[in-house]
Structures are given as structure tokens and as C-alpha cells.
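Here chain A shows up in two complexes: once beside chain B, once beside chain C.
Then we have the complex of A and B:
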């Protein structure tokens, strides 16, 4: 589809803009922000908040001849609409004139805000949304200083629990209906709805019904005010103390773009980040809590040799010694970043080791949780770690260990005990466990090296669409841990007795870009990600089914 | 010009021995036009309608023929016809009589209209409170179906159209056509945004839909029978046909009067036909077209531009009964429900009553109307309870201005116009009421801060 453009005039300046979009998006694309509450780019237009009112006009035509009327200076005579129009529900047209900053428009905004604030409780000091609340921001920007309202405010239910994870405060609701539309359009059934009429209109949920969904928390992000707040985050932290870092959800190969919000080394919440090619503005609820995997109780925080804690450098040296014994197998995984997978491949090559991987499959919900519950399986294919889709366990490797063909297993992150290894297998081979979490494998491994979680490092993942996406480090890693890439590189250097300084993530990326043709641009991945050509893997049967922005076995540059 | 009624739509009503049965209707020539219509070319029928220049009788006064013309006939979707019988405008009661006493006139009109626009299904959306009207209609439709005037193969023409009656649940906003469509489709009666939900393109079930008022539909057979040109010459040319004026309030003989448009003036209607004010009273104000139209002060004079360009002065009682004349005086005939108020009426109380109605009936979808109507209602209620402040008058006006023109549907205007006109024209009365409260209830007023919220 070729993009057509139209000429519009916004506030007296001419622009050439994409056709077929609404005024609100058009103005945003040229840097003019129009305030809005109910409009959401991924939901149907409701047009109910009336905050985005603007004045529009089209060139006037002569009634008799139908010709465009022109002024003396050649400019169009504009027939302005007598009433303001909603920018979200009005599409741009050729030669449309739009005014977004006149006194009349400001008056519209001021009055709409006044109306919304009439019955809005003054909860800001105790409201979790404060700091990122649209209403608060707009009230500052466009509202009047003082209320003219002397009557009593409406009283509505303040605390309704929704599906055990959301608290609903009907008083704060401004009836934008985003949550209702989200549930109807994305989840596919009604969860929220309005009851009563007029100013008494209340947002409500079906009592005693199953209102749960794995996407329900998106309504919290969508809520422009603090009517819907996430129970897990409620009263935990003021939003302005939090620092947001771009992340990618590790829950599955969907590669949902996220924002990781943290303060002083602690992650408080994960919210979706807009990416119109991947997840729009949504993410699954389960993906919001993946960071809890790495809370301190089950974190592998010290290096260990034969179950006794030791200095990290000793453990690394011990690993090299063990690797030098030969008959090595490397267990890689698809949580590793592209750079780490590449390094693991290089290391395996150096040791003459075979690489084993296990797939982690789950149910595909057809939306943003895909069947492959690892974020970077495509990366393993691209870096050549695997050439066929791995099975669900490592019984082949376990057999090799039992037969004595493999004497050393360098296990990265995977829990071997859950993948076909038995307790006695740990006696018959030297098992090095490197990972961020304690598990049965780490409990009985010969050497344990504490690595970092995906929130403590940066790197690239390739999602199911063959889209390379980068994530940044959100929090400081615990002190006794070592960066995965650094660890693999240290092993490689010491094993080969080479002499080089440990390369940075960027260095490795550049190497990858030069070595792997599909990834030649991976050194420069923007926040939107980079769609690459995966047609080389067309014959591989990936487990993901059709979903949002994805169709089964998508491998080429997607439909766009 | 003596005031007299011209009963066309109400032709049968009040006749000796008349009842709602089909036999009576057929024996008086009913369904004759339908049987002729179904043999004619629908396009020609639509053209007749356009030629008649008839305005819709629901309130907005949109030309019926034009509305039909906008129907997207080529989209391949079924076309629906809906009779808007959700007559819920305060002061309006004209359709009720048609439904209760002459339902077959409506049914014949609907079937003629359905044929002309090639509708596949027709609905009557009747106000929930008209319980008996619903029963009358259901019964009448059964009668008509048994005589083959409704349903399959109407009058042997091969054209089929089902007719269904649907009851509302008592909501003012269902009278708004898109609100009605939402309600009929089983959703909350929220009016829809235009674009994209123009009923003629995306109406009921997202199919092209025509929504016409009951009285408008009753005109259809007359237009088809006598021809558009004939009808267009009835009464004043800009607004042909008759209007059924439902006069309520403080007059001697309130009631419904069908009057040829422009044939008499407001004063003649109220004095001659309705018997004038109650004994010893004077007219003070008139709401001309259902409560949401702007109120007229009885003593006011309006500068009116004549057709030849000259200007003349017109008193309220001299306004001819047609749509254009009322427009010239800054109001509209709406649905022709005249509410008469005399000198015993406190305009603040009257407005408080109206505001309460709109606050109760606002659907709550869009912000200005949802919040503004209740606010205005609370202000007027407060003034009536003795807690008025002088600044409330300006505040009322300002709130109404902020609602007007910024809402999804016309209810915003409907709620704002009465306030704007009432406060504008009777401002002194508001100040007087507030001033009296300040002096008489001085003790209580000292504690005025009780109303101040932080």
C-alpha cells in the first residue's frame, strides 16, 4: 500500500501529511499535541471526553459552480465549521484547515476540564496515578485556577476489587470508556461496563463473575486517571521516583516491548511500551511479573566450587580448568542475548564442544504470549547454535553423560534436573552451572557461577517475527555476579590462551554484524527494533501460532 | 384570519364511533394508497418526497426526502426503517394520539416509506411508558398482517417487509436517532459520533437506516397519493403541511391542535383555539417546541427580516405557526409541544424543573452534558432552596455556554438552550429572587460558606 499524502494547514502553517489519519494523530506527527482522554490509538474512537476539540474548516466552494473560492492573495477562502470537532474522530482531508491553539479552543479545553474535575475527588496526594495522570497534567496545562463548583461532589464506590489484581475507584473515573473498549476489543468479552446514567454514571464490573484475563492489567496503563490501579503496585512507590528503562519482555518469543520501572536497584513494575509492529501498546499480565523470578530468595548470589562459596575469579579459573579436561558439552539457552549466544558458539567451537539446547514450550494464547516461552530462540538459529528446533529436554545429553562420552557440561541457566538429568548424572560428569537463579542443578553442580538477570544487562533478542530488539540495563546487578558475556569471553580467552581485552556488548555486536549476513545492521537497532530476513529458516517448524502481527512460520520480512 | 384546525393526520381522531381497528381504517379509505404505492417505482416515490419539501416532525426539522436520499443503497447491506415513537420531549404528546387511536395510519405510512427506500425490515421504537400504545400497535400489526398489508408479499406486489415493535425502557436520549439505534441494537442508549455513524450509512447493525418520526411517516401516504408538488403548496412554502401543536400549561383549553403551517399565529392559537390564559392571569412565557427549545417572553418583540429585505417588528403573539418564523425569532418549533407559562409561574422554579429533567436524562457519555446538566440542576435547585448567590446567574449562563455545541448529540443544546434563554430573558427575576433570599432569609444566608467546598 503506497502512502498517500494530503496537504493540511494547522494553525496557519502548511504541512504535507499522511492521508486517512485523524486530526489528532496528524497533529501529533507534526509535533502539535492535542490533549485527549478517551482516544487511544489501538482502540475504536469513542469521542466522549470532548477534550480534543479543535476547529476545522474546508475551502469554501461556490454554491453555483462548485469551484473553490479564493481570496485576493490566492489563498483559499475557508468555510469554518460553526462547532468545534473532535480531533480523534475527524479524518484529515485535502486542504483541511485546523486550529488547535486559538482562544476558542483553549476555552473548550478549559470548560471540559472544569466539567471533568467537578466530580473528580481531590485524591492526588494519595493517588497512585499522581505524577503520570493525564488529568493532572492537563489540569495544569489547560485548566482554570479555581473551581467554580460549590455543590457537593458525587459519591461512588471507592474500592472495588477486580479479578484480584486491580482496585477500581469509581469516583476517580472520568468515563473515558477505554477499559470497556479494551476488554471488548482485545480480550473479547465485556468485563467493565457503565451503570446508571448522567453524572451518576459509574464504571463497574460484573459482580461475582470471572472477570480475569491475562491481559486485564492493560486497562490500568490505559486508564488516564487513577480509577484503575494495579494492586501489586498500589501504594508501593510514587511514580516520579521511578526510572524507566526500555526493556523486552522475556516471557515468550513475542518480544513485547516494555518499560522497566525501578528505583535504587529495585524493580517495581513493568509496563508495555508502544511498538506498532509488535505489541501495539499491550502486554500480558504474566509478563509484568517476570522480574519477581530474580528476587533475592532464590538468587544465586555467590560463586561456589564444590558447594563452598568462593571468589568469583576462582570459580572462573576453575571453569577453565574443567573445560580443559575435554569432552565438553555446552548447554545454551534462548534467554541469552544474541551476543551471548554468539560468544557461547565461539566458546563451544574453541572447546570442540557440542551445543545442546532445550525448548520451553507453553500454550500459545494467540496474542502476546507465544508457545515458545523463551525470548530468543530465533537468535540461536541465527548464531548457528542450533539448526533444528530443539526438543523439550536434554535426554540425549544425559545419555551421553551416562555413557561417558561427555565428561564436562557447561550449563548456562538451564535446570538440568528438570530436563532429563538425574542426581547420579552429576557424579559422572563435571557440571558447571552458570545462571542467575538457584535450582536443583546449582545445588549439586561442581562449579556455580552467578550470572545476571535480563534486567541487569543489555543486549539483543530476536523475536518470533525475526525482529531484532534491544533492551537496556534496568538495575544494578548484585555485586558478586558476573556479566554473562564477560564470563563467556573470559572463558574463551583463558581457554585459548589468547590475549585480548574483554569486548563490550557493542564490540560483539559489530563482530556479529560482520559475520552473520542477516544481522548486518544489528549494531544499530532503534527502539522500534529491526526486522530482518529469516527466510533461511523457512523450513523450520516453529511452534508459534498466528497471533498479533504474526502469522505461523513467519520468516521473511513481514507483511509491512 | 380566523384560527382554525386543518385535520389531516388527525383526520380520523375524534370522529363519531372511531376506533383503532383495521375495519374502520379500511372503510375510511385506508391502505388504498399502500396498495397503489407498491406498484410504483421507488425512485419516483423518493423524488416525490423530495419535491414535497416536507420537514421531519421529530424536532430537528430535517427534510424527509433529503434524509431518504442519503441512504446508501448500493452497499449491499439491508436497509432498515425505524419509526421514532419514543416521544419523550416534555410538552410533546402528538404521536401518542396517532398510536393509540389511529395506528393503521402509521403502519400504512411505514410500509409506503419502507417500499420507497426498499427497506428489508421496519421497526417501531415506542416509548416504554406507552404500554397500551405498544399493545395497540402489536394488535394493529397482526391485523394488518392478516390482511397482507405487512409482512410477506405486501398487497401481492412481491415486496416483503416485516414490521416489529420494540419498547424502550424509558430514556429521553433514545429519542435521538443514533441513541435510538444503539438502544434498538441492544446496547446502552449512547448517541454515536458522526462521522462515522451517520444513520444513512452506518445505522442499525451498521447498515443504512432511516429514522423518521411517527408524524413524518404518517405524511408519506399523503405525499405519495397527492404528489409532492401538491403537498409542497400546503401552508407556508418553506415548511409545508400541517403541524400538530400540543399545547400544555396554563391555558383554558390545553390539547392538540392540527394547524396548517403559517395559517395562524401563536397568539391566535393560544387565545382563540386554546381559550386564552386562565381567568385573571396574563401570559408570561411560552416554550414553543418541547422543553429543549428556547423560551419566548410573551412581551418580547423581535426584529424580523422579511422576504423583500425590509425589517419589521414582530411580537411573540404575532409569530406565524411555521418553522421558519420561529427560527427568525431565535427559537425553533422543535416537536411543536407548546408549554405556556403565565404570570404566576416563577421562571427560576420552571428552569429548575427542566434542569432536573436534563440532569436525570443525560446519558452520561460525553463530558460537557454529563457533568454540566447536573451542575446546572444543582445551581437552580440551590437558588430555589434559598441559597442563591448573585454570581450564580452568570455561572449558569457560562455553564450552559460551555455545554452548547460541544457534545456528541443534540441533548447538549437541548439542555443548554432553556438555560441560556431563560437566564438571558428573565435575568432580573433571578436577581430579584436571590436578593429577596438574602434579605428575608438573612440569618441562614450568613452561613453561606456551608456550600463552599475546599
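Then we have the complex of A and C:
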């Protein structure tokens, strides 16, 4: 479909831009940033902050004939609007002229900022938003140096707790109404609202018992100032110390794009990253805390053979010895990256092992938490680990262990005890547990190999839309752990007595690209992901229901 | 390439030797009776100029309130990474709970500190001040790491002209612009 375009003139330069968009987005698309507080690309336009004022004009027409008036040099005679207009609420039109950097526009911005800052408390030193606060940035860029206000500032409630996870400071609020619009439009329920009038206007919470929602923390990201701050992140670390790395949310198969913020190997928070094809700019609250389970003391941090700690290399050698005993089954999982799943498949082929998987289902909220609570089940289909949707437990494998048909189980990350295995099964078979966390399986397994969490490695995941998305390593892994892919490749090499150097993630990606036709471009996935054709799996009954940017049978139809 | 420097031949007067000794001793005796320019450190301590940059300390205001709000700008600006702040929340039963934030711990490693004064310059609350202490010693590396209590003990009280937080409190008590 051809997009309609219009010609506009911004600051004296002509551009051909997409029609039907507002002036703010149009200017952004050509690289001109217009400061704004209340406008948000995924919310309705409110026009309440007045920060994005620009001057606009249209070609003048002769009143008698309706002809466009032209100057002597052939250019249009422009009839400028007498007053500035808000860029977020003005759509571009053919031959519109826009001025975003004149002295008059700068004066507008300076004056708007002066009004906004009149009653702003200026407690940046204690404000968690400092460093990523729009008001701070614009005050530096466009504001006055000193306040002319000599009266006392307005006093508003400073510490209101919202749903136990947000702190609301009404004094810092600049009444942009983004939080109100987000709750009304995305959550579908009014949680915030304005009370009082004029400069006394306050943001307040509806006095209801249940103001909670699993998407409430998005208002914290959306808040252009520090009025809404996250309680879990409150006073933990200043934002300028944190390093952000592109991640993908491991909570469910929705594959929400995230940013993982860490300092010195410790993750402090996870925020959504914009991807207009997956999650817009939102993410679930529960997904923000998935890193906490790896901060815990429950981490499997040393290799063990028969419950006694040992060197990592001994544990790997012991795994190979056990695998050589034969009658092997491999328990793969859908938290593994595409590369690891491929390696697990190759290893299983070499050992003549059958691959078992379990699904982890939960409730689908129709938004960004899908029924499949694993991030990469589609990857298991693509790499051929499974051909039908796996069941919720491994009772079939447990039965094979009991009957003696399977003597060795290489279990990757899954907790076998929670999936149908009993304590006595650990005696009748050699069970190798590889994972990042301690659990009942690691407690009684023959060999334990400490692997890495999804924040300590990089790789590809395929989400419910069959979109390949990559995530990068956010923090350094603990010393005694081994990268999952490296471990599987070492097993494969030693098991087959081959001599190859352990391939990197990129090497494996290229191999996958050459072997799996749908994934032929997976070696070059950008930050926004890569939509692939999932029509080969149209028969499979995936548990996800219709949700944001996702239709149940989307992969069966042509690509959007 | 080596350069051979020709040595100047001494004159007869210079080769006499004794006149040189006498003129040297003359300078010695002349200075014996002049006022001393060296200092008997450590028995005497030097007079430090205003604005001397000694060890950084944390100070309290005239009300005895700790001024630091753990904004961590000093930690950020410190070129030798000597400062480490652990931020914390002021407990709600404290008189100053309306300020919300205070350091849980504040560590300065005096082995790393280079006395540049950037922390003092960056501080938005005037809470960290380089004072007059210049002789810093200890028996282990740990002795050189100063914690919050040491820093406040060394810092004492520094009167504040602005009293920003007191104004905030007074304004809140009066109900502000109502």
C-alpha cells in the first residue's frame, strides 16, 4: 500500500512527509525534536502541557478568485497563524509551513516552562527521575536561569502510595495527564484523576480498594517528571549510574522488548523498550521483576558430582561419561535460546536420545502476558525439538525411567520433581541437572552443572508472533558457571570425540540460518526483531489467545 | 652521541680554596640570625590558607540536621572513584522524614582521594566540604576508608545561609499558597 505523502516546509527546508500525522511526529521523522510533556505516541492527544508550541502557516489565497498567491520569485505567499499552535494537536497539510526554532517559539517554550516550574518543588537531588526527567532536560535547554517567583509555592500531598507499588508526589506533577490517559485507554479503568482547579490542580487516585493492575507501572515510565516513581526502585540507585542493555522479557511468549538496567553486575530495574510491532511502549509489572529470582541465594553457583562440589571441567567430563552409558533422554526447555535449542537437538541426535519438553501455562491476559509462560516455545518448533505442543508434565518420561527404558536424563533447567518425577526415580536413573537455580531436582541429581540466567547470556528468542528477537548480555555471569551453549557444544564435542573449537553464538546462528529455511536471516536480527513465516506450524494448537498485535491464527494467514 | 663538555679552568683565586670557604661560611652566619622559614612539623602545625582543600568531610547544618540527601552526584563526579554512597530512606518517625532521603552509608577511601574538590563543587546541598585535615594515616587499608559516622565527626556544623529544607517545612506547616 502506498502511503500518501504531503509536502511541508519546516524551518525553511522542504520535506516530503507522510500525510495524516501531527506536526510533532512529522518533525521527529525528519530529525527535528519538538519538546513535549503530555504527548505520547501511544496515547490520545491531550494538548495540556503547551510545551510543543510552533508557528504554522498555509499558502495564502486570493479572496476573490481563490487562487494561491505567489511571490515574485514563485514561492508561496504564506498566511501565518497569528498565534502559535500545539504541534501534537495539529496535523500536517499540503504546503504547510512550520517554524520550530524562531525566537518567538523559544520565547513560548521559556514562558511555558516558567509556568510549569512556578510550583515545582525543585527537589531533584532526592528525586528518582533525575537524570531522565524531561522537565530537567527542557529546563536546561529552554528554561530561564532563575525563578522570578517570590511567593510561597503550593503545597500538595507528597507521599501517596498507589496500589502498593507506586509513590505519588503531587507537588512534582505537571498535569500532563499521561497517567490518566494510560489507565483509561490501556488498562480500561480510571485509576488517576485531577482534582481542584488552576494552579491547585492535583493528580489524585480514586478512593477505591482495588486500584491495582498488572500494567500500572507503565505510568511510571510514562510520567515525564518524578511525580510517579516505582516503590521497588525508590532510592535504590540514581539513573545515571545504570547501564541499559536491550533485553527481551522472559515472562511469557509475548516477547516484550525491554531494557535491563544494571550497575556493577547487579540489575536494578527492567523497563519497556519501544517496539511498535510487539509491545508499543508498554510491559507488564510482573515482567519487571523476573530478574529477582536470579539475585536470590537460590542460585546454583558451583558444579557438583554426587552432591559434593567440584571443578566445572570435572562435572562436564562426568556428564560425558554418563551420556556414554546410553539410553539417554534430553529434557529441553523453552527458556533456552534458539542457538541452545539447536545445540540440544544436535546433541540429542548424536546420543540417539529422545527430546522431551514440558509446557508452562498460565492465564492469558489478552495483552502482554500470554498463556505460554516461556519465551521461546516457537523456537523449539523451528529447531525441530518438538512437533506437537508439549503437555504440562513429563510423566511419559518418568514412566520410561521407571520401566528402565531410559537410564540417563540430561535435564536442562526444568525441575523434574515438579513435572511428574518422584524421589525414587532419581535412584533408578542417572540424572544430570543443568540450570541456573537450585531446586528439588538439583538437590538429588547425580551431576549438577551451573548454567547462566537469561541476563548473563545473549541469544535469540521467537515470540508468539513468530518474531525472532535478540537479547544481549546485561550482567557478568558468576565465575563458576558455564554458558549454556558452550556446555552443550562441549558435551557434543567430547561425546563424539570430535575436535572442533567451541563455536560462538554468532557461529551457531549462521549454521541455523543455513539449515532452517524460515530462519535464513536470523544471523542479522535488528533491535526491532525479525518477523518470520510461521505458516508451517499452522496446524499446531498454540495456547495463546488474541492479544496486542497478535491474532490466534495469524501465522496461518499472510504476514501483516 | 656523547658530547664532551670542556670544563672551565679555575683561576688562581679560585684555586686558593680558603676564600671560598670563608665566603660560604659568611652566608651561613648571615642566615643563622635571620628568622626561620621552615616549620617544626609535627610539633608545629602550619597556618592553612582560606579555601584549603584537605580531607573531604560531611557537615550538618545549624539545626544539627545531616545535609547530605544521598543524591550521589559526588560519587558520579569523583575522578578517582573514592566515594561510594549507599542511598536510603529517612524513617517516617524521624523529624526530618519530609526530606525523604539520606545516606545509609557514605564511604570515602582516603587512599583513592586526590583532594580535587570536585565533590564539594558538585554537591547541590553543600553537604560535603573539604576541610583542613591533611595528615591522614592508618595501619591498614581499611583504616583509610572513612564511613558516614567518621565523616560527620570530622565535618562538624557548617552554618547555611539558604536553609532550603527549613523553608520547605515552614511553607508546608503554613499550608503554603492556599
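As a working rule, the second predicted complex is superposed on the first by the 552 of 560 C-alpha atoms of A that agree within 3 Å, B and C clash if a C-alpha of one lies under 4 Å from a C-alpha of the other, contacts with A are read in each partner's own complex, and residues count from 1 in each chain.
One rule holds in what follows: a residue touches a chain if its C-beta (ideal position, glycine included) is under 8 Å from a C-beta of that chain, and two chains touch if they have at least 3 such contacts.
From a predicted model like this one, the values you see are computed outputs, not experimental measurements.
Look at chain A after the overlay: chain B and chain C fit there side by side.
Of the two partner chains placed by superposition, only chain B is touched by A:53; chain C is not. In the overlay built on the shared chain, the residue A:520 is in contact with neither chain B nor chain C.
In the superposition on chain A, the chain among chain B and chain C reaching more residues of chain A is B.
By the touch criterion defined above, A:236 lies against chain C but remains apart from chain B after alignment on the C-alpha atoms of chain A. When the two structures are aligned on the shared chain, A:125 is found in touch with chain C, with no touch to chain B. Vertex at chain A: the C-alpha centres of chain B and chain C lie 90° apart in angle, rounded to steps of 10.
Of the two partner chains placed around the shared chain by superposition, chain B is the only one that A:201 touches, whereas chain C remains out of contact. By the document's definition of touching, both partners, chain B and chain C, reach A:151. Across the superposed structures, the minimum distance from chain B to chain C, using CA atoms, reads 7 Å. Within chain A, the residues touching chain B in one complex and chain C in the other are 119, 151-154. On the side of chain B, the complex with chain A involves touching residues 171, 188, 193, 195-196, 359-368, 370-375, 378-379, 382, 395, 398, 402, 405-408, 451-454. The part of chain A that touches chain C in the complex is made up of residues 119, 121, 124-126, 130, 151-155, 158-159, 234-238, 240-241. Listing the residues of chain C that touch chain A in their complex gives 69-73, 75-76, 87-89, 98-101, 124-125, 168, 171-172, 174-178. Considering their complex, residues 45-51, 53, 82-84, 86, 89-91, 107-108, 111-112, 114-116, 118-119, 122, 147-154, 174-175, 194, 196-201 of chain A touch chain B.
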